[in-house]
Every structure is written in structure tokens, then in C-alpha cells.
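Can you keep this structure in mind? I'll have questions shortly.
Per-chain numbering from 1; labels A, B, C and D assigned in written order.
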Amino acid sequence: MKSLSIKNLLTSLQNLVANIEDGSQIVIPPDYSFVPMEITRALIRKKARDLRLVAAPQTGLQADILIGAGCVSEIEAAAVSLGELGNAPRFTEAIKAKKIELKDSTCPAIHAGLQASEKGIPFMPLRGIIGSDILKYRNDWKISENPFKKISNDSILLLPAIHPDYAIFHAPYADREGNIWIGRRRELALMSHAAKKTYVSVEEVRDTNLLDNEETAANALPSLYINGITICKKGSWPLGLSDLYDADRNHLQKYASQARSKSDFSKYLESYVFV
Amino acid sequence: MSESNIKLTELLITVVSRMLRDLNHVAVGASSPIPGAAALLASGLGKGSPKVTILGSKSVNSFTDGGKELFDCAGQGRIDAFFLGGGQIDGDANVNLVGIGDYPHMDVRFPGSYGSAYLYYVVPKVILFREEHTSRTLVQKVDFISAPGKTEKNIYRPGGPHSLVTSRCVFMWEKKAQCFSLHSLHPGETLQTIRKNTGFDYIEPKKVINTLEPTEQEKKLIHGDIGKMIAEVYPSFASSRLAVDS
Amino acid sequence: MKSLSIKNLLTSLQNLVANIEDGSQIVIPPDYSFVPMEITRALIRKKARDLRLVAAPQTGLQADILIGAGCVSEIEAAAVSLGELGNAPRFTEAIKAKKIELKDSTCPAIHAGLQASEKGIPFMPLRGIIGSDILKYRNDWKISENPFKKISNDSILLLPAIHPDYAIFHAPYADREGNIWIGRRRELALMSHAAKKTYVSVEEVRDTNLLDNEETAANALPSLYINGITICKKGSWPLGLSDLYDADRNHLQKYASQARSKSDFSKYLESYVFV
Amino acid sequence: MSESNIKLTELLITVVSRMLRDLNHVAVGASSPIPGAAALLASGLGKGSPKVTILGSKSVNSFTDGGKELFDCAGQGRIDAFFLGGGQIDGDANVNLVGIGDYPHMDVRFPGSYGSAYLYYVVPKVILFREEHTSRTLVQKVDFISAPGKTEKNIYRPGGPHSLVTSRCVFMWEKKAQCFSLHSLHPGETLQTIRKNTGFDYIEPKKVINTLEPTEQEKKLIHGDIGKMIAEVYPSFASSRLAVDS
């Protein structure tokens, strides 16, 4: 009998990112939700190339730094922004300089595409969007007549499944069975269900089983969906993580200002990534 | 921070909050500190009615079904009001959150459309909010339609524009005429300043009122509990615009 | 300022069921998931008629007793059974006697129909099912070409949204804000999102706010979706409820045997419902 | 309970468990105590590999996304084996969980199709399990196809039948020939008893083996921890068929 405990899933940060091949499509969480910044830095260190990012559904620091470091060839997102700190400088620069392909989307369209993969269906309908210019540039989206229409000419958008190679995120902890505490951040479950494989970093491993207790079970993303776990203290830094730590606003301000120029951004990488 | 800046902030929060009374549920999306504060003011600090959901907040957000819940909830008809901004807004109530110039490699790139291309269709009362009121932001025709103000007949659209609130005035969206009309002027503004600074045409009714100013009680709340609550999600805003430190 | 506390939602059992009009479509949970038996008995007492049940996705005791009591005109379900205790006798009898309309379905089709309502879309695609006789008798289902097909003639089933008037269930507790503890029984959230209104009975109200704490928030169905709450001790009896109490097997055996004949079933109602 | 009944139960559990080795994840649906016990046996009490999900169980079920998760998980390709029963099963591997007679007001009504009409299509290894092996249950043609064994070309179907286990024997599904072949005989059965009690035709290969009987260790586990675990969901079964009381 093989043991299914977390031991089979635990690996080093370096080994974990070694699994993520150049050219992979990777789904990443929004900036408020368990962003795997330490994994991101490890991807930059291993010189990942041609990553195709899918933001679920928007992103900020994580995508900006990956784009700035030259790891990204394509991004699908409803928005890329540093929030209160303004536009994402490396993203903005890369768009102007035609360095990356951009698939502009809208939040519920990305959720719907991921849900299609979660359900194993090839597409998902969605209301709205018809009349938006977003649609003009999405040759992969289709308009169809609603086959259940009550009025004539009831057009509806159909979105193809988004089936990323990998989902990555950082969580407060894993239990001894490899279940991941995600609390109410259920977009992480959706990402994981939709992706072929999921790699997670955690602050710690706790000697408990979330599923043993009905009070804690709802917090768990079952290990069934997890392909590798690594332990990183402050793995979301400089972003915050649930109740554990807040975003490091001073550092984020520093990033927002250094990322404005290519040379300062390189210095940033030297100071905080290649260390 | 300047006193006039704080006064304007107070005014905008109260103006928007008065549009939210008698609703069941108001949701506030990304980059929307003033609408967020307004919703809290309307609801009595998020504890009364309307219910308030502020995205990115842990304390003023009862969602437990992940990022999709906002959109599902709106699709179910359970969100009565939402806010959209835009780098550009035009007289057809189109909003542009994507950029200026030719897509995709635009001269100025904004963050992106967020959920606008959906929520604008399904939320009954969408309040457009854009502080900068110049012919640069309120344009004749947006460069990119993130979400359109108007839709062809037969396209499912229970929702749409309700009004446009700027640092100078309030426009109401006229459903029948399908255009904006000037509704109220903030202190210091005239019919002429609005016309001069607006890039699109709009109806100017005979009677344009002055925007109702905040009461002392409203001001107190804004700088008190509301400021603290909004600082959870928008610390820089709370500090610079409300003089509330988190 | 109106208060949003649970006080606005609390009502008596009698008033709660008074809201549910004859002819309503009601979605009910599976037998293992928080079945509102006390509400069910109250519906029988108020002589509810022509209820159209949707099982999410199968049912047992609850539907059987409602059917036996003459409250039901239609049921959509993937299965109706008393589990280890055998077939559901009143359901089986009613089918033979042509007393109720039956919409035979399959579990994921009901989930998909409810998810369509949850998302505000008119339909949802689903794999499988083509070739099953279930499809023959479902004129409301449609086959379509997959518009994103990679092979020719890739047919796929499209299921219309199921948009019930009411969802009903019984839960361990409500908090003081009217949020309902559902733990990992997320089909209850789906039912509630899909239905126009949701009425819930709870064992008790606890002076806490589930959403105040990230450790408990994931257990909550927010009060946003709840239209009325009533307090019923042992409201799932004779079925079990989470960790609080197990199913009353002796009683269930009694039911399974008494429900076999119409007259014994009437006696059962007199002993346990009209009391 | 009779000793032969217990022996048969032990045999069936071990026969099925041997089909589940080297899989990642086995799910067990409604009314399936023997498949549930078999999955636990294969996985070393649900703690090893394959992972086991038993519907209706709290302890052997890691799902946290509601009733739909089983089907979503299968649609994602994350369930390698599942079990289907049926009031009737025919030689085309069609299963009937709906009833006997003319639909809808049938002479005999079964509970219904559950998830069969979906899972049979998407789970690679579907093991049909039906203890009663008579020409009443194993029929030439089912009265109602809850889920078909075969599907027209071009219909998406990564999954399908793997085998049929009864109280008398094991049939394997021959993918090429698209029919069952007799694989192994349980103790006391002969080629003749199978032929006599089977309502459909099947391939009878030259070599039909005897079903491998359980080891002493397997028996011990079945009546020990596995019995206790299965009693959580199937108390009557555990008591009557394994002499384990919950």
C-alpha cells in the first residue's frame, strides 16, 4: 500500500517549478486571493519562457513581474492593474512594445471558461458582452441563437472551455493528507478543477486532517486535485495572505515606482528575485 | 490634502449614497472607493439596508462562493446597483476601460474591462462614476467599447445606465431619449463650465438643480466609521481623501 | 436604518410554509443532505397541493411522504428511493396509478439545470446522455452540434435552466445575521442560488457571525439568499443531520413498511404528521 | 445470515477489489455496498492508493464542492473507475435503472437512473455489478436504457463498460467485439449454469478460469475495519452480509 499522506506531494520550490515547462498555460489568482509570489520568483529564477497566463479573472503584481522578467508570451485577463498603486508598468510597456499577446476578456467570461473545464464541457453560454468591442477581437468566441429562446433573435455568447496546464497558488497551510486550506477563496478550487495539474506553496503543514471535521471540511481543497506542495514562509509577500499578513504597502510602492523603467526593474529583480 | 478635495469627496459620497436608498443589494467592484463609501453611507455602515458587497473587502462582503459569485448573483437578479468607471465615457453611455488609440497596441493602456461587459447588462441600476470631468474623459466617442450603454433590441439586457456622476455634476440617463441629461450642478459649477468640459452632447433641461450637500451627520460618519471601513480596501484613498489613516 | 439581523427573517413554521403557494416548483435536497422534514410535515398539514418537486438530484423519504399525502403533481428526479430500505412505496404506487407526472433525469443534468439558473444563463451543455432512453421522454432537452467541435458531428446535449420558485432545507444553525451554516453541503448553496426564494429551518440560532472569521466563513450560505428562517429542533428527523444526529433507523424501517399500503400510510400520517 | 452468503460477499468484494489496483481514484455511488467495500480493500482502507470516494460517506469522501463534484470530477477525467448496477442488464451492456414495462407508468418501477447516463460515458472503467444472476436480471434487451453500453461513433465517450460481476461469474467487456465474454466462474458454477441463467448471448472462450478466492488476510480486513467503515453508509448490509454491527 502506497501512503497518500502529504509526503508524496511535498517537494522543494526548485523541483516544483521545474515541473512547469516553457510554453505552459498557467492560471493565476487575482491579487486579493492567495497569490504565489515565491513560486513566481522561482519561475523567474529558472528563466521560464513563453508562459501563457490566464488571470482568474484579473491580476496585478504577479503578472507584471513575470512579464517584466520576460517569462510571458501571452496573457488572457479581464484586467491587469496594481490597484491603488496604478497601472501595471511592465504589462503596459509590453503591450505598447508588442512583446506579448493579449487576450482581453471580462471577468465572468474567464470564470465561465474555467467552469466549462471544471464540468468537462466544451463551452459555456454567457449573457451580456454582445455589443462590447472585446468580442471583436476574440475569434475564439462564438455567437449563437439561444435554442431555448422565448423571443426571436435571442443571440447569446458561447465561450470555449479554458483548460490550463497548471494552476498555481499559495495557501495558509496544507494538512497531513495534502488537503489545502483555501477557506472561502473558492476561485482557487475552480482554478484547480479546471487545470490539468495544480502546484501549491503553503506557509506550513499542520498535523491535522481538515476533512475529519465538518466544521473545517468546507475550508479544504482536497488533495485529489493537488500535484505538488512546497513550503514557503511568507510565500505571498509582498502581497497579503488572508488573516495571516497584510500586503507590504511600502514594498509595493517601491515596486510600482521601480517597475516604471526597464533598468530600475532589472535592479528590482536583482534585489528581490535573484538573491 | 486640500480642504476642497475633502469637501468634494464628501459631496460625491453623499450624492451617490442618495441614489442607493430603497435598494436591496448594492455591489461595489474594483477601484471604487467613493462608490464603496457611498454604499456604506446608504446602508448605515453596511449593517442595514441595502445590503452592501465590497469586492476585495473581508468585512463588507458576504460572498462565500469565490470570484464568480458576484457575477452569478447579478445574473440571478440579486444585485440592484453597481458602479462602472472608465478612462473614457461617451454620450451613448459607452465605457472604455481598455485604452486610447488603436487596439491592441494602444497609445495608453488602461487595466482592462473587468466585469463591465457583463454587469452593465444585468444590473438594473448601473451608476457611472468618473471624477475627472474634462473633454479628455467625457468624449464624443470612446476609442474602445468595454461595455456599451445601448444595445440592439432583442439582446437580453435587464440592466443598463442610470446616471453619470463626476466631480462637476450629475447626469441622468434618459431611457426614452437614450442620452444623458444634466441633472444637478456641484458647488462652483455652471451650465457653461459643464458644457465646456464635456466632450459629448446632452440634454440641458430648463431646471437644473444644485447638488444637495452633505449634512453634518453624514460628514461625521464619512470621516468616522465609513473611513475606517473603506480603509481596509483603499488605504491610500482613506488617507489622502478622507484624512483617515488605517 | 432597517436592521438586517436575523430578526427580519425569523418566522413561525406555519407562517413559513404559508408562503409556499400551491402549484409552486420546489427544489429539495438529497436524503443525505439536510432534508427539511419538519417543513415537509407542515406542508402536509397545510394541505399543500400540486407541488412540483425537483430533487437535487435524487430524493427519498421527503418526496415519498409528500406524494403519499397528495401534495405533489410532478417530480423531476434522477432517482427516488429509500436507499437500503428499498423502493419509495408511495412514489412507486403513484407512478403506476398515473397520479403524478414524472420527469426522469440523471444527476448531473439536474445539477447543470440548476447551475444554469445560478449563472443566469438559459441553458447548459452536458456530455453523455445521448443514447439513453431518458432523452426520448424529455422534450424540453435539445441536442445541438458542438460549435467548438474538433471532429465532425460532435453532438452535445443542451439542458434548459431549472429555476424553482423555492428551495427548502434544514440546517444545524443560523447566525445572528441570518447566514446559514451549511458546511461542505454546497448543493444547498446551488439550490438556493438557483431558486427565486429560499426558506430554511434550523436547529437553533447562534449569537455569532460566521462571516466574521475566515475559519468559519466557508461554512456559510449568506443571508443574501435567504427569505425566511424558522427554528425546529430535530427538523430533519427521522433523517439524520450532519454530525448532530443520525438517521432514526427504526423509524425509517417503520415508515418503509407502513407506506406500503395506503391505509397504513394514512395511519402513519395521523401518528406522526397530524399531531 | 448464512455462511454461504457471507462467503459469497467476501468473494465478490475481493473479485472487484482486484480490478481496482493501479488506479488513481475510484468512486462509488448510491446503493453499492460491495463495490464500496472492494474499493476500500484495494486501497488499504481508503488511506492508500487508489483514492476512494464513497458517496454518502463522511469519512471516505474528500469532496467539498457539493453534489455536483462527483460529476465534475468525472468530467475532468479524475475518476478512473465507477460502478453501475441495474434492475436489468443486457448483452449490449445497457443498464436499466428505471423499470420494467412500458414507460412511464411501468409495471415495476425502480428508483431511477441516478448519474448513470453521464458517468458511463466519461469514466474509463465502469464495472457493472449485479448480484442476482438470472434471466430476469441479465436480459436480452433491457426495457429502458438508463445508460447504453455502446454509443454511435463521434459521440464523445472516453468511458464505458469494463466488466460485469455477478454472484455466479465475471464477464469481461470485449471492446473490439462489443460484447461480453465469460471470464471466471465463482465456486460451484459451471459453463452450463451460467449459460442457463443468462438471458443474453456472450462469448465463451476456451479457457474460463475459476474466480480467485479471498486470502485469509483479505477476509480478516473485510470483517474488520472495512466492515466498520462500510457500516457508516450501509448499516443493514454490514450487519446482514458481513456480520458487522454498527
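We take it that a contact is a pair of C-beta atoms (placed from the backbone, for glycine too) under 8 Å apart; a residue touches a chain by one contact, two chains touch by 3 or more.
The model shown is predicted, which means the values in this text are computed figures rather than measured ones.
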| request: Quick one: how many steps at least from subunit B to subunit C, stepping chain to touching chain? | output: 1
| message | Between subunit A and subunit D, what distance separates the C-alpha centroids? Give it in angstrom. | response | 39
| How big is the gap, in whole Å, between where the Cα atoms of subunit A centre and where those of subunit C centre? | 35
| message | So the centre of each chain is just the mean of its C-alpha atoms; given that, what is the distance between subunit A and subunit B in Å? | response | 28
| remark: Where subunit A touches two or more other chains at once, the residues are 119-121, 126-127, 154, 156, 184, 186, 189, 214, 217-218
| Among the residues of subunit D, which are close enough to touch at least two other chains? | 63-65, 71, 75, 122
| query | Among all the chains shown, which pairs meet the touch rule set out at the top? | reply | A-B, A-C, A-D, B-C, C-D
| field | List of subunit D residues in touch with subunit C within their complex | value | 30-31, 56, 63-68, 70-71, 75, 97-98, 103-107, 109-122, 144-148, 150-152, 154-157, 234-237
| In the complex with subunit D, residue positions of subunit C that touch it | 30, 32-33, 56-58, 77-81, 83-85, 87-88, 91-92, 95-98, 102, 104-109, 111, 115, 126-134, 137, 151-156, 184-190, 249
| said: Give the list of subunit B residues in touch with subunit C in this complex. | reply: 25, 43-44, 47-49, 51, 58-59, 61-65, 71-78, 122
| note | Listed in rising order, the residues of subunit A that touch subunit D in the complex are 1-4, 117-121, 179, 189, 193, 211-212, 214, 217-218, 220-225
| query | In the complex formed with subunit C, which residues of subunit A make contact? | reply | 112, 119-127, 142, 144, 146-149, 154, 156, 158, 160-161, 182-184, 186, 214-219, 242-243
